[in-house]
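What follows is one structure encoded as structure tokens, with my remarks underneath.
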Amino acid sequence: MKPLDLLQQSLHKPVLVELRGGRTIRGTLESFDQHLNLVLSSAEEHDAKGENPTPRPGVTLVRGDSVIFISP
Amino acid sequence: MKPLDLLQQSLHKPVLVELRGGRTIRGTLESFDQHLNLVLSSAEEHDAKGENPTPRPGVTLVRGDSVIFISP
Amino acid sequence: MKPLDLLQQSLHKPVLVELRGGRTIRGTLESFDQHLNLVLSSAEEHDAKGENPTPRPGVTLVRGDSVIFISP
Amino acid sequence: MKPLDLLQQSLHKPVLVELRGGRTIRGTLESFDQHLNLVLSSAEEHDAKGENPTPRPGVTLVRGDSVIFISP
Amino acid sequence: MKPLDLLQQSLHKPVLVELRGGRTIRGTLESFDQHLNLVLSSAEEHDAKGENPTPRPGVTLVRGDSVIFISP
Amino acid sequence: MKPLDLLQQSLHKPVLVELRGGRTIRGTLESFDQHLNLVLSSAEEHDAKGENPTPRPGVTLVRGDSVIFISP
Amino acid sequence: MKPLDLLQQSLHKPVLVELRGGRTIRGTLESFDQHLNLVLSSAEEHDAKGENPTPRPGVTLVRGDSVIFISP
């Protein structure tokens, strides 16, 4: 299975997304497209040290270009 | 629903846009296209610490390339 | 209306353009294309702190790739 | 053989992936595509000094754009 | 007129080109293409503070990708 | 001969590859494609000062996007 | 003449290439393509201060993406 097919398995599950510039965002993966644009619900942003969580209520759209990696 | 379809739900509502280089901008999402170019009204820019808000009256066009994520 | 259509409304009006690397440039928007290449007249460049304005007489062409956002 | 054909030989084997921004990630290469998007299982992230391993259980999707190099 | 048409007016005239990374280069604009690749004659490079001019005799080719803006 | 044709002459010979972010990698060039994705065998990574060599046994795939230059 | 046609005039002549990240490389331009991939012979690399020349014997391939400008 190709990488984006494997990402299907994470739909509606919590993921951690590491972003360019050192920030990370955690949330439930609700949707993605082939550019790796992502929609997360109940998201929480963390700074480069993984600290200072900021809740992002509602749905957060992450631009695929900013994604370094996505893990459960 | 694909990520950009979900962004439809934020039209005419306040959003927070995190930009490359650490700045954030808040405003009402008036329009977007498939490149994630955005138009915000009543926008307010914040520096990397989320401080020093600078009002941006009128409509602000954000280049999609600069967007890290968009949340309500 | 799509974002670039809304930018039509700023033609021949003063705009502030925030650029990658922290610089900003103010001027009258004379022209733009779909890449967000811009032409400004009577432009003035500011450093990352918004200080030290440097006048740029004549027409200044800003490469779209360098644009973070454009506001009135 | 072309580079991506040679990467076939690393499928289901442990790899070290060096990422933009100095981080590295180790894991078992489960899948990749022509953009070098990768799926790793049993991954472990390291900081820029190769220290502070953080386990990433489950499957981690690495965006190809973030990859500097991949070695066994 | 579109931005690149307006740049025609600067042909064979002195321009200042601001480059990524803070450097600037001044010279006479001899040619450009749609990627904003530029050829300058009698060019002079300046560091990020606009100091330490280094003459670049002959014709200098600037890669369009590196251009932030071009002004007279 | 075009640049990539000249690179053919380095096949199966030792090369030094300078990477974005200051790292360098030395090894034997086993394969490359038109994106400058490279495969090196018997590779050795060096930090930004050219020090602290880390051997990378097996074949290392370098993403073309990360390459600054390749020399013998 | 378009920029890349003017670069023809520098073939087999010494050039200075300024690279992203502050490094420069000098050598004889032996070949280039439309992406500005370059081949230099008898090249010499300099650090961001233009110091510490490192000779690069044989032919060096510079990735076009890394080029800021090329001058004689």
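As written, the chains take the letters A, B, C, D, E, F and G, and residue 1 is the first residue of each chain.
The rule we apply is simple: contacts are C-beta pairs under 8 Å (C-beta built on N, C-alpha and C of every residue); 3 or more make two chains touch, one makes a residue touch a chain.
Only a predicted model underlies this, so the values are computations on that prediction, with no experimental measurement involved.
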item	value
Partner chains shared by chain B and chain E (touch criterion as defined above)	C
Chain centre separation in whole Å, for chain G relative to chain E (CA means)	18
Centre distance in Å when chain C and chain G are each reduced to the mean of their C-alpha atoms	32
Chain B and chain F, separation of their C-alpha mean positions in angstrom	40
In chain B, residues with contacts to at least two other chains	20-21, 65
Sequence of chains encountered when the ring is traversed from chain A in the direction of chain D	A, D, F, G, E, C, B
For the chain A and chain D complex, residues of the former touching the latter	1-7, 9-10, 16, 18, 20-22, 36, 64-65, 67-72
Complex contact set, residues of chain B against chain C	19-21, 23, 25, 30-33, 37-39, 43, 45, 56-63, 65-66
